[in-house]
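As written, the chains take the letters A, B and C, and residue 1 is the first residue of each chain.
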Amino acid sequence: MMEFSRRRLLQTGGLVGTALVTGGLAGTAFSRIAAAADDPLYAAARKEGALTLYWGSYEQQTMEAIRDAFKAKYPGIEVNLLRQASQTVYTRLRMELQSGVHECDSLGTTNLLHYTELKKIGALAPFEPVDGVHIPDAFRNLDPDKMYHVGAISLTSINYAPGKVQSPPQSWQALLEDQWQGKITTGSPAFSGDVANWVVAIRRKYGDDFLRAFGKQKPKVGQSNVDTVTDILAGERVVGSGAPFSYTLTQKAAGNPIDVVAPSDDAILNLGVTGILAKAPHPNAARLFTNFLYSTEVSMILQKNYWPTLRKDVPWAEGRSLDQLKWTRNTGDDLGPEVAEGIAKWKELVR
Amino acid sequence: MGVISTDSPDSAAAATARPAMARVPLARTLVFGAVALLLFLLVVLPFGWVLNNSVHDDLTGAWTLGNYARIFQSADLLEPLFNSLLLAVATAVIAVGIGVPLAWLVSRTDLPFRRTIRVLTLTAFVTPSFIGATGWILLAAPNSGWLNALWRSLAGTEAGPLLNIYSMTGAIFICGIYTVPYSFTMVSSALDEMAVELEDAAATLGSGTLRTMLSITIPLVTPAVIASFILSFIQGLTLFGVPAFLLTPTGIPVVTTKLAEFYQLFPPEIFLAAAYCMPLLLVTAMLFWMRRRILGRKQFVTISGKSRAGRRIALGAARWPAFGAALLLPLVSVFLPYAALLLVSLTRAWGQGLSWENLSLYWYWWALFGNSETHTAIVNSLLFSTLAATLCVMLGTVVAYIVERRMVFGASLFGAVATVPIIIPGIVMSVGFFAAYTRAPLNLYGTPLLLVAAFAATFLPIAYAHGGSILKGIGPELERAARSLGAGEGRTFLSITIPLMGGGLLSGWFLVFIPIIRELSVAVFLITPKTNVMTTLIYNAKDGGNYEAVCAMSVLLLLITLALVAAAGPLTRLTTVRRTSRKTGRKSAPAEGVLPT
Amino acid sequence: MSGIRIKNLRKSFGAYTALHGIDLQVPNGTLLALLGPSGCGKSTTLQLLAGFEAPTEGEIWADDVLLSSARGVLPPEKRGISLVFQNYAVWPHKTVAENVAFGLAIRRLPKAEIAERLDRTLRTVRLEALRDRYPSELSGGQQQRVALARALAVEPRILLLDEPLSNLDAHLREEMRFEIRQVHDLLGLTTVYVTHDQSEALVTADRIAVMKSGHLQQLGSPEDIFERPSNAFVATFIGANNELAGTSEGNGAIRVGGHVLTAPDRSGAAHGGTVSLCVRPSQVRLFGAEETGLPAEGCNVLSGTVQRSAYLGEYRDVLVDLGGGRTLRAFIPPAQSFAPGSVVTALLPIGSCQILGPAA
């Protein structure tokens, strides 16, 4: 299936420009390896022989698929994947840096602030992935100094139980209707970065009044935004707010009675970010991996796992795309304090 | 001032003379040195870093007492402390209230299916409490819980929920039932060693069975009861999964969920988190102080070489009702939640509910073969847990011995040190270990050794407390007899004390092995891609919302551990001290006073 | 085998002093009983002898080997001193034979020798038939013999017995007393026997050391202790005794209430010092108040009222109220009889009386 779709994609001709450098997109596995072997970056990476990823973006299953694809494409490089929650990964990395330990080559977490902070202390190395040209325009050149790049796109939306809800709320505002009282489940901004991001966006849009009204709806507050799916599948609640778009679709695809609504007043988009460590023990392997992220292979894996792809030319699962959605993203230099304020307001107004 | 004193022996002997061989032998120095060194490496060093962290500012890294000031000035930080205390006290009360009578029934009476009850209780122990909480969410969530659904089908759809697991009561219930195995195991191994005559004495005075249990048997194992109370209390303080699942939805913060928030903040408030653990340490220190006060005045030496083990108290007509009561704990802690977990793990997509089409072994296949990391993780989990539990029990037992027999000056300091780690929640201890072992000359970062050390250290208090409560039941004169016959301290310990501790040591091993195999948080900053363990995978699956996988892996973890426990069965019989010879039954107890004079 | 010399042995536990400087000598081959009420320091002395405690001051020697001093203690396993415990401390996880052979195995003796000595020891205490039993299958007396055999098998130079009979029933206790003495006679071991039972001490010991409150009161042969107690405490602790408190009048005289009595003065007290007149009840003779021509020559004469009288077959135990809160016990021939309330005259032969000081 994958081979087929790749060929089809090749035929569409959207990829021609990049084949020159990576040479990674020829049809068969054999020619792929052969072509990859000519790549000087691969040669350098192979000399390093290993790659250590500290990744919090994407769940275990997707991340392992990406790793395995990388290993298949670039044999001879041992890949050590440490997949833990983003904040854990970041905390560990900071401690390692303080102790002068340099294990990590490539960091991938769901919080842009991690990278602005790491950049400030000179812990990141600049790199411009050649395949970065395929990244959707809105997320290209995240950092003018090329210290970090988009690693994942995650959408926060509304999910619901189709069997129990005839017409699901179509917007964040609609969640405040009386009919949803006692029916909503959500994550906690204190535990989940995505939910915190949602709180910031909602406050920017509607102010604290929204939180106040939301609190009156008596939502069940779990930890992670994934808990919304759990509650809906279990039947504990029927509508999820601040819910994970991709994960809900995965569960739907698995056969579970659940679906998403992209709210008309904007899905909240959060960027997962990735960067290469300045003192990475395997800098070339890290570069190779970063470039690989923007390959068609990876985007196909993302598509298969219901994640937004990282390439303009690879559509999302079920034919969705960024263009079809109304979305917004929290930007600004002062996001840190704003998140803290959002959490404080949440605690005051919601519970 | 003796009225009549004998002639002083040669007064020429110098008043300051020193016995020729009284100098401290090399072996003794080595052993104490090794114990002190291990305690230093496993506890003092990492804890020192935690302490050091607690007095530094997260942002600037400058020295400060500000973290402590913040804790005591902010209601937001004080409330979780009180909630945690409530949870801990209630957990300990439940654990002791259920565990002690259960231990008595299993260890002292002719309860039917005693061994089964023992195994089932261990099964509850194997269950990570967050798994248990998950099972109970399936059972008793107010709207969707199966038990509530059952209730509504009986009482009508308009009826409110019968049970609400999302409450303090629910959290206490879950923490309590999954902590019972601690009190059960500790108290039952003390009871197993107790002399029957002490109960007989009460019975002959006309005391009924129940009365004897309450006024003789249980008080005699007070050290074990108190130790298990304290351990259960600490469990209630330091559990993260249960309050995170059950209390967060109702907005009740506790210390551990608050700690998780500190780590979740940007930038993470690691140093504040370190300071936030210190009140827990203080409370627990008070508990240990009270324990000393309570135990200090009484003597609890029960084995004195005269025990007539083997006879059991007849429950009579109460036998089957008692069995029913003893089954309650396994029912709520194993059967019900695992039935729920098993059903979920056997569905392809659990949201579809139960149907034949939805039935699948896919997630087991996935957990065992589909996930490339599972194999390494299972091997790692078993290997690290075995090594860590062994190290932990060895060290804990030796420390307990040194403390109980007051072998060196300041022995109780050893005990205090061995008790510290369990009070510090795993994630904070993890940072301490990280800080201690990522720098020269002890750079162990990334090695399995570091994980083994961290696991061993975390559960050292259990091994120590358990060892201590067994030793309290072994009269020191049994050891002194060996000493006076020419056995050195080491030989005495190995050939008298250890065999007498016998089965208790093995149960102690499981008492630490099982929590180690299900421990997650202390590993969080120490695991590497090559040293990954089962719980990390389970947690990642949970993190990714993959409940079928979580359930399947939990069931697997349970089966693996149970298989181990079962394999240990014959081992138990081997190591449990034989107290009756096979050839001569007790029936032929010979007449007394055979000797003519 | 060796003699024991204890020099100025002191032991304090914090503020509490259990032993106030004891000096003792146990000649080679002697059986010494350490006798005293509980808390007198006898068990502490034993623990110090065995090497489980370090003295605060003083020394313990076995012949010319220094065992303990405040500067160090030869560890128990190096002392060649065997100890038999009050509660036997027989290891429940070893059979009788394993218990007894333990010390021999420690000494890495050749197998044949272990077997031989094991057999011999078991024979000595007559446990051959029970060698494969576990302690839980033995009676108390048998367990005690296992403990004894275990201690003897290693052929210690000194044997310590800590109240070895107190957990046995009365019948067995009496029997075991003789047995222990018998074993001692057989092996000739220097033995220290701790007991609070004076009759046990009298029966078994060559020498008795009476202790009280951490002080040695008297050291001597059973006869010395019984007949020539060094103070009123010893006199009262060993056997039945009358102790009439008073003040010294000097020159073998004591003032008790309104009476001045005479007796051999062994108190060493100055005129006016606190002393007691001690006399065994068996030496006291009673006569009815109306009787005349009493053999009062060489006797102290007192009168009083019979408070109670008990018939004990071989004698009558009569308690006489002397007034002023003093009483006097007399064991009189059963043929004599006094009803309570009758007035009697008591004769105390001067030769049987002693003026003694208080306990040290």
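Throughout what follows, contacts are C-beta pairs under 8 Å (C-beta built on N, C-alpha and C of every residue); 3 or more make two chains touch, one makes a residue touch a chain.
Quantities reported herein were computed from a predicted structural model and do not represent experimental measurements.
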Greatest Cα-centroid separation from chain A: which chain?
C
Any idea which chain sits dead centre by C-alpha averages?
B
Centroid spacing, where centroids are CA-atom means, of chain B and chain C in whole angstrom:
50
Centre to centre, by mean C-alpha position, how many angstrom separate chain A and chain C?
88
Measure off the straight-line distance from the CA centroid of chain A to the CA centroid of chain B, and report it in whole Å.
40
Please set out, as single numbers or ranges, the residues of chain B touching at least two other chains.
none
Touch list for chain A against partner chain B, complex:
52, 59-61, 64, 68, 80-85, 87-88, 90-92, 94-96, 99-101, 103, 111, 113-114, 117, 188, 190-191, 193, 220-224, 226-227, 229-237, 244, 247, 251, 254-258, 336, 339-340, 347, 351
Of all residues in chain C, which touch chain B in the complex?
5, 7-8, 20-25, 50-52, 59, 61, 65-69, 71-83, 85, 87-93, 95, 102-103, 106-107, 125-126, 129-130, 132-143, 145, 147, 150-151, 154, 160, 171-172, 175, 178-179, 182, 215-220, 230-231, 357, 360
Touching chain A in the complex, chain B uses residues 76, 137-138, 141-145, 166, 244-245, 248-249, 251, 260-261, 263-268, 270, 348-352, 358, 371-373, 431, 434-435, 438-439, 445-446, 524-525, 527-530, 536-537, 540-541, 543-547
Under the touch definition given earlier, write down the residues of chain B that touch chain C in their complex.
1-9, 13, 16-23, 25, 303-310, 475, 477-478, 480-489, 491-492, 495-496, 499-500, 502, 577-581, 583-584, 586, 589-595, 597
